[in-house]
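Order of writing sets the labels: A, B, C, D, E and F. Residues in every chain begin at 1.
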Amino acid sequence: MKTSFVSDLSTEQAITTFFLVHEKEIRNTRDGKPYLRLELGDRSGTIEARMWDQFEAAAKDVSRDDFVKVEARVQIYRDKPQLSLQKVRRAKPEEVDLADFLPHTKEDVGKLWAQLLEYANSIQNPWLKKLVLAVLADPAIAVRFKRAPAAKVMHHAYLGGLLEHVVGLCGLAKQIAAHYRELDADLLMTVAILHDIGKLEELCYDRAIGYTTEGQLLGHIIMELETVSKAMDAIEGFPPHLKAVVQHLLISHHGQYEFGSPKLPMIREALVFHYLDDMDSKMAAVRAALGAETGEDEWSAYSAALGRKFLKLDAFLKSGGPAANESK
Amino acid sequence: MKTSFVSDLSTEQAITTFFLVHEKEIRNTRDGKPYLRLELGDRSGTIEARMWDQFEAAAKDVSRDDFVKVEARVQIYRDKPQLSLQKVRRAKPEEVDLADFLPHTKEDVGKLWAQLLEYANSIQNPWLKKLVLAVLADPAIAVRFKRAPAAKVMHHAYLGGLLEHVVGLCGLAKQIAAHYRELDADLLMTVAILHDIGKLEELCYDRAIGYTTEGQLLGHIIMELETVSKAMDAIEGFPPHLKAVVQHLLISHHGQYEFGSPKLPMIREALVFHYLDDMDSKMAAVRAALGAETGEDEWSAYSAALGRKFLKLDAFLKSGGPAANESK
Amino acid sequence: MKTSFVSDLSTEQAITTFFLVHEKEIRNTRDGKPYLRLELGDRSGTIEARMWDQFEAAAKDVSRDDFVKVEARVQIYRDKPQLSLQKVRRAKPEEVDLADFLPHTKEDVGKLWAQLLEYANSIQNPWLKKLVLAVLADPAIAVRFKRAPAAKVMHHAYLGGLLEHVVGLCGLAKQIAAHYRELDADLLMTVAILHDIGKLEELCYDRAIGYTTEGQLLGHIIMELETVSKAMDAIEGFPPHLKAVVQHLLISHHGQYEFGSPKLPMIREALVFHYLDDMDSKMAAVRAALGAETGEDEWSAYSAALGRKFLKLDAFLKSGGPAANESK
Amino acid sequence: MKTSFVSDLSTEQAITTFFLVHEKEIRNTRDGKPYLRLELGDRSGTIEARMWDQFEAAAKDVSRDDFVKVEARVQIYRDKPQLSLQKVRRAKPEEVDLADFLPHTKEDVGKLWAQLLEYANSIQNPWLKKLVLAVLADPAIAVRFKRAPAAKVMHHAYLGGLLEHVVGLCGLAKQIAAHYRELDADLLMTVAILHDIGKLEELCYDRAIGYTTEGQLLGHIIMELETVSKAMDAIEGFPPHLKAVVQHLLISHHGQYEFGSPKLPMIREALVFHYLDDMDSKMAAVRAALGAETGEDEWSAYSAALGRKFLKLDAFLKSGGPAANESK
Amino acid sequence: MKTSFVSDLSTEQAITTFFLVHEKEIRNTRDGKPYLRLELGDRSGTIEARMWDQFEAAAKDVSRDDFVKVEARVQIYRDKPQLSLQKVRRAKPEEVDLADFLPHTKEDVGKLWAQLLEYANSIQNPWLKKLVLAVLADPAIAVRFKRAPAAKVMHHAYLGGLLEHVVGLCGLAKQIAAHYRELDADLLMTVAILHDIGKLEELCYDRAIGYTTEGQLLGHIIMELETVSKAMDAIEGFPPHLKAVVQHLLISHHGQYEFGSPKLPMIREALVFHYLDDMDSKMAAVRAALGAETGEDEWSAYSAALGRKFLKLDAFLKSGGPAANESK
Amino acid sequence: MKTSFVSDLSTEQAITTFFLVHEKEIRNTRDGKPYLRLELGDRSGTIEARMWDQFEAAAKDVSRDDFVKVEARVQIYRDKPQLSLQKVRRAKPEEVDLADFLPHTKEDVGKLWAQLLEYANSIQNPWLKKLVLAVLADPAIAVRFKRAPAAKVMHHAYLGGLLEHVVGLCGLAKQIAAHYRELDADLLMTVAILHDIGKLEELCYDRAIGYTTEGQLLGHIIMELETVSKAMDAIEGFPPHLKAVVQHLLISHHGQYEFGSPKLPMIREALVFHYLDDMDSKMAAVRAALGAETGEDEWSAYSAALGRKFLKLDAFLKSGGPAANESK
C-alpha cells in the first residue's frame, strides 16, 4: 500500500513507499564518482531521486516504467525537494494499486456504468438498441470503458473520465431531445454512448495517460467507426441507410474539419450532439482550470485548452463589498 | 381584411385586396406609351403589377411603403404571374392588419410573454430579479418585445421570433443550470432574458424586416449594453462587481470576436450561454431550411446561414427499404 | 444511334435524335394556352424544347431522367436556340448509348485497366499485393472502376476519368519511388491504386455526374476505408500494424484537415503521395481550363477549381515576335 | 529618496535604498536552515535578495507589493547579481517617489496636458466641444489621464504614455483633416481625445502596469463607451444621431473584429482615425524596439508586438562604405 | 467631337455621335433574318445597338475596339434603351478624343506634374534626388505617368488617377516626416514618388482600363523594381546599401504577403509608407462609393473594394432633427 | 587538423584541437576572482570552456568568430561536460579546414556540379540554354554554388545542400516532363537550375549558416530575379515574352503569397515546379527528422519545419510481430 505521495513530502522526512520509474540514468559527479539517478512519480506528481552508494544491484533490477519500492530521505537541492535513496527494488504486482499512480474520477464507476446501461436500455428503436447493447456487452470494451480517461490533457484527463463524460452527455441528450421535439431521441442517445469509444484504443492509460501509435495514426473517430460499423454489420438486417446515418453521426461529431471531422454535421441530431459534446468538454476544462491551485486571486491560470483564463466568480463578487453577498 | 395572398393567386383570377407597395415607377412601353408599374407584396411574397389606363390619380396618391387597396386581374407574362390593375388607392390604417404583411410566429405571443415573466420571477438573486423585472416593465420594451423578429434572415426571422427564441433559451437555461450544479442559475436566466433586447432597436419591422441606421452603426450588443447598464444604475445599491459581470455576459454572448463580441466569454455562465444561444439559433435555421419547399428529395436547399444543406432524415431512412420503417 | 449533338445544332435544322430529359413541365402561354416544356441534353450541352400541339400523350409517356427520341426543328428564341418538337417518345434501352450523354475519357479504357493490373502485379510485398488484387478482383468494383469519373467538377470529370487519374498516379509513384530510395515503393503503389475507390460509391454517374446521398454523408475517404479494411480483414494473417499503415495512407491522402483528411500525413509515403495526387488533380484541372473554348487570347477563363486563370503559353510566346518562335 | 537602481548595481557594492517587493518567501537551505527570500524591483529591473540571519521581524513586517528600505551588499550567485540583506523595513509613504518604480515619459506632462486642452478648445462644433471639455473637466479623469500608460507591453508602456500618445494623435488628426477636406475635423479631434480614456480604468498602474479585473472583463472600448455616453446624456439637447456617430467612432477604432471592435469603421472619420491610431502605436513600438539595448548590429531584437525585427537604418547605411555617408 | 453620352440618351432621340465598339456579332432573328449587333460604349456607360438593313459593309469595316461614328435612334426594348442604327463607319483618329471614352481625374494634370517635380526637387539626399529625377526624366515614363489610372477598380480608377494618388501621398509624406522626427524624409518622399510606377506597364489604359499580360504575370511591384534598380545601377557610385533599402521600400509597400509584398516592412519608413498608401487608397475608394448614385438614403452601396457600406454622414445627422444642424 | 569533435569528448580526456569561438567573456567567481569564459564549437556541437589562470594574453589574442587552438581537459560541471583550458591561441588560416566547423553534404560536390552542367547542356531551347550556361559560367556564382546550404534550418541545412537540392530537382523535372507531355521540359529545367541562386547571397555560410542583412531585406526570390534578369538582358535578342515567362517562374515558385511569392503560379510549368520544389524540401526535412537521434521508439521528434512528428515505419512494422517481417 502506498503511504506517502509526492505532493505531501516534507523536508528531512524518512519514507518507505512505492513509485513509478519515469526515467533512469547512471551519471557522474563533478569529481567523476558515478551514481544512480531516477525520476519517480505517482498520481500527485514527480520527484528526482539519487542513490550514491551500492546502487549497482538496484540499477540492474529496475527499468523505466517499473513500479519500485524505495526507502529514502527527503532533502532540498537547489530549492527543490529530492530523494536520497537508501534501498530500491522492483515492486511485486500485488503490492501496487494502479489507482495510486494515475488520477481518477471522484464518481463511483460502478454507478456510472449502471446509469450508462440504463440509458442504453431506454432506446426505443430496436436496431439502435441492439447496436448499443452489443457494443457495451463486449467484455473487452466494458473493462476499458470503466478505466479510460477522456483525453490526455484537454478535459476529463483522469481514469474513469471518459465514462463520466459519456454519462453526463446521455443526461444532456435526454433533456435536449425533450426540449426540441423534432429531434430523434434514440439517435442522440446512440451517438452520446458511442461517440468516443475509439478513445479506448487511441489512448493508453496503464501507467500514465498517453497516445498509442495506432491512435496517433488513425485517431479515435476512425477507430470507433470501424468498431461500430462491424457491430452494425453483425446485426442481421440492420438497415443500410440507418448505418450510414450512424456513421455520419460518429465522423461529424467534432463539428469542424480542423478538429478531425472529415464531414460537417448535416443531420440535425449530429449538429446538436456536436454542441453538447463541445460544451461538456469545455465545462470540464473550466472546472479543472478553476479547481487548480495556480492562478491569481480573481482569475484561474491561463488554460491552453481554452485559450484564456476564467474568472473566479465568487471571489470577484465578494471583493465588491457587503451588498454583493446577496448575489448568490 | 386581406382575402387573397400572393402565393395563392391563380391565372385569370379577379381580386380585390390589400398589398404593401415595395416599388413604384412610371415607365414607357416600347412605342412610348407611359404606364404605372408597382411591385406589390404581402407576407407570402411579391408580384409585379401594371396599370395601363388612367393611372395618374393613383400614381399621385400612393408611394413606396404605403399599403394600398387594389382591384386587379391575374395574368401570366413571361411565365410569371402579374397583376393588371383596374383600381388602386391608399388603404386606411384601420383597413390593414400588419400581420398580413410580415410572417409571424405560430406560437401564441400572449402565452410566450406570460412564460417569460414567470421565468423572470423565478430568479432568486434580488438584484438580478429587480433588474430583469425593471427592464420588462418598461412599456416601450414590452410592446416591441412582443413583435420583434430575432433576425432579418438567419433565424427566427418573423414577428414574435425574438420572444420565441428567448423563451426557448430560458427553458434551456433552467435545464442546463440543473445539470451543471456549479452554474449560477440566476445569472444564466438573466442573460437569457436580456441578451438580445438590443434587437428591439437594431432591427426595424414595421412593414418589412430590416436594420435601422443606428443598428448598423452600433449593433444590438452595444445597444442593449446601454439599456441594461442604465437599468442597473437606476437600482440603488446595485453591486458594482455584479454590474461588471452582467455587462460581460452581454458583450461576450456571441462567443467570438468575428461575430462582434469585443470580449471572449471568461465567466463559466457566459461560456455556457454562448453555446445555448448559438445552438438554438442554428436549430431554428435548420428548421427553416428543412421546412422550406425548395431542396431535393433527400436534402434541404443549401442554407447560407448554415453553410451547408441538411439531410431530410425521414425521407432518407424510408428510401432504404421496409426494415427502416422501424427506425423511428 | 445519336446523330446530332446540342453543340452542333444550327438554325432551322430539322433533326431526329435522342436526348436525356433534364426537366419536364406543362406551362401556359400568356393567353392561357398550355404547352409542354422540356429541357433536353446530351454530353455536349442542354437545350430548351417546346411542344405546342397534341403533346398530351407525350407528356404522359416521358418523365425526367428518361431518354427520349424526338423529331424537331431548331429555332432561335430570345437569341438562344430552342427546339420546336413535332414528335417525342421514350427511347428503348437498346437504342441508347450512354456514352452519348456523358463526356468520357479519350483513352482506351481496356488498355488503362490492363496497365492498372500490371501495376498491381508489380507489388513485391505479398500482403499488399494480395490486398490490391483482391479489391480489383471484386467484379462490382471492376465494372464501376472502368466507368467512374474522378470528380463532379474539379478534375477528370468524365467517364473513365478516375481510372485515367489512378493509372497516371501509378506511373508517377513508380518514378518517384525510384528517385527517393528511402520510400517503400509497394506502399506508394498500393495507395495510388486504392486511394479513390470510395468514389465508385460517392459519385453517381449513370445519366449525369453527381453525388449519392451516402456519398455526401460519408465521403469517399470514409467509404473506401471501410471497403479496404474489410479486404484486409479477409486476408488471414494480415499484419495488424501494416493494416494501420494502409488505413493511415488512405485517410491522410487529402493532406489537410480542411479537405476532409482526419489525420495529416505522418508517414513518408503518405506525404509524398499527397503531393502526387494533388499535383495530378491540378494538372488535369489546368488541362481542362486551357482546353475549354472560353477565355481570352492569352489566358484561359478563370477556373474556380484552381482559383485563378492560366496563361496560354504558346500564344503568349508567339505574340512576342519572330525570335520567340524558337522557344519551343 | 532612491539612490541606487537595479540596473546600476556592481559587485560588492554596499547599498541603502528603497525597493518594491515583488515576491516574498521563507525557504530552507539544503541542510535545512531557513532564510528569507525576496524579489525586489524598481523601474529599472528586478533582483533576488536573501536574508540569512535574524530575518523573523522583517518577514513579519513586509508583504508583497510593499515598498521597503534595505541595507545590503551586492554579490554574484550563479553568474547573476544578488542582494545579501542586512536590514529590511517597510518604507513610509512619504519616503517613496512612485516615479522611481515605474518607467515614465520623457515629455513634460504639464505641457502635454496644456496642449490637449488647447486641442479640445479648438473644436468648432458646440456639442462636441462641450462633450470633450466636460470629460476632461472631471477631476478623477484629469488626475488619471496625466499618469496612465497607453498599454502594458505593446506601446507607450510607461507612466504618461497615454497622454503622449493622445496628444500625438491630436496633432496627426489636425494635419490629416487639413489634407482631406472631406473629413469633419471636429469628429476626428473628438475621437482622438476620447478614444482611449477607458484605459484609465482598464489598466492599473499604481505600483506596476497591469490590468484590473473589470478591465479584463470589459476592455477599454466598452468602459469608455459608458463614460462618454453618460457625458453625452448629461448635455441637454445633445443630438441623438450625433451621439450614435460618436459611439460608433469609439467602438470601431480598433478597426477589426479580432482586435475587439464590435463594428468595423463605417464612417469616413472612423476609418481614418483607425489608421492614425494604429500607425502611431506601431511607430512607438518600433521606437521601443530600436531603442532597446538588445538586438544585433544591424537589427533590433525580435518584437512580439510587431511580429518582426526592424533594421537599424543608420548602422546599415554606414556599413556600406564612405559614399553612403552622404545618404543622410 | 462627341455630342451625346450613353447616360444622357432619351427615348426616341435621334443621335449622330462616336462610340467605342465593345462587342460585335452577326445574329439571326427568330425567323432567320440576320442582323448586326454591337455593344457600344463611352466613358459614361454602354448600350446595345442593332442594324437591321444593309449592314454588310459596316460589318466588314468595323471591329471590336474600334471607334465608330453612328447615326441612330434610341428605342426601348425590354425596358432598356437600345440603338437602332442607320449608319456606322470607323472613326478617323483625329475625330476622337480619348477622354470621352475613359473617365479621368478632375484635377489639372499639368499642375499635378509640376507639383510632383517640386516634391522630387525637395529631396536633400543627392543619391535619392538623382534617382528620382532620372526616373521622371525618362520621356516614356513621363508621358504614361500623366495618363495612367491607379487601378482598374479599387481606387483612383480613372485617367490621371495614379498621378493624383502619388502627389497626394507626397503631401502626406512631407507632413508625417515632420511629425515623426525620427523618419528619413527623403526616403519617404522617394518611395512615395516611385512606389507605383510599375503600374504604367501593369495596366493598359488606351481604350479601357485593364491589365497587360506581363502585368498579370509579374505585377507592378516586380515591374517597378526592375525599372528603379536599373536606374540606380546607372548612377555611378550609388551606395549598394542604399540600393537595398530602396528596393526593400518598393517590395514591402503592400505591407502584407497576401497583397503581393514578398517582404514585410522592416524599415521604419517602409512601415509608415504602407500606412499612408493604404489609407489614401481606401479614402479614394470611400470617396467613390459615397459619390456614386447608387445606395440608400443614409448609406452608400456596398463597396466590394472596402468590404462594407459607408454612412452618408451629413444625411444621417440632418435626419436627426433641427438641433443636429449645428453639428457641422 | 582537427582531431577531436565536441560530440565525442569523454570525461577527463585531455585534448589538443581547434574550435570556433561563439562567445567570449570575462567573468568573476562568487568570491570575486576573474576568469575567461568561452563558448567553443565545431560542426558537431558546442561546449563551455573556462580558463582560470594566466588567461590575460589569450583573452587579448582571441575574439568571437575566431578559430582557436586549445589544450584542455574535459570535466563535468552540473552534469554537463566543460573544458578546463590550459592554452588558447588564435589558429592560422592554413591550420583550419572549414569543413570541420560546418556540417556538409555526404555527396561528392564535384560530381553534383558535373551533373548540373549536364542538365544545363541538355536544354534544347537556345535562349534558355544560353541563359543557364551564362549564369553558371560566372565564376563568383560557381564557387558559391558548390558551398551554399539550401536553408538555415528548414531543409538541406548544410554546406553543399543547395547543390544537392537543385540536382535532385533537375532529375525530378526531367522525369515529370516526360510524364506530362504537355509540359515544356526546357522551362522546367531552367527554373529547377535557377530557382534558388538568390540563396547564394541571401545566406551567409562562412563560419555558421545565417542570413545576410540584404538577404533579410530582400529575400532570395528578389535577389535571383535581379541576377537572372540581368543575364537575360545581356543576351542580345532574348525574346521579351520569354523573359517575362522566366521571371514569372522565379517569382511564383514558392506557390503562395504567405511564403513570399508575389504572384501565384499562372503557367503550367510554374505550378508543377512549385509542387516538386515543395515536395523535395519536405522530403529532406523528414529525412533530417527521422535521421536525428532524438524522438521516441516509433516516432521522430516533433519537427517545427513540418509541424508534426513522423512515424519510424520500419520500427512500427517490426513491432507488430513476425508476420510483419515480410512487409518490406
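Descriptive notes on the structure:
By our rule, a residue touches a chain if its C-beta (ideal position, glycine included) is under 8 Å from a C-beta of that chain, and two chains touch if they have at least 3 such contacts.
As the structure is a computational prediction, the values presented were derived from the model and not from experiment.
A rotation of 180° superposes the C-alpha trace of subunit E on that of subunit F, rounded to the nearest 5.
One of C-F, C-E or B-D repeats the interface of A-D: more than half of the contact pairs, counted by residue number, are shared by C-E.
For the pair subunit D and subunit F, the distance between C-alpha centroids works out to 43 Å. A separation of 62 Å divides the Cα centre of subunit C from that of subunit D.
The distance from the centre of subunit B to the centre of subunit F, with each centre set as the mean of the Cα atoms, comes to 62 Å.
With touch defined as above, residues shared between interfaces to two or more other chains in subunit D number as follows: 213, 216-217, 241, 245, 266-267, 311, 316.
The complete set of chain-chain contacts reads A-B, A-C, A-D, A-F, B-C, B-D, B-E, C-E, C-F, D-E, D-F, E-F. Here subunit D touches subunit E in the complex through residues 125-128, 168, 171-172, 175-176, 179-180, 182, 184, 237, 239-242, 245, 264, 266-269, 271-272, 275, 278-279, 282-283, 286-287, 290, 307-311, 313, 316-317, 319-321, 323-324, 326-328, going by the rule given at the top. Those residues of subunit E that touch subunit B in the complex are listed here as 11-12, 75-77, 79, 298-299, 311, 316. Looking at the complex, you find that subunit E touches subunit F at residues 213-214, 216-219, 221-222, 225-226, 229, 241, 244-245, 247-248, 251, 257-263, 266-267. The touching residues of subunit C, counted against subunit B in their complex, run 27-30, 32, 213, 216-217.
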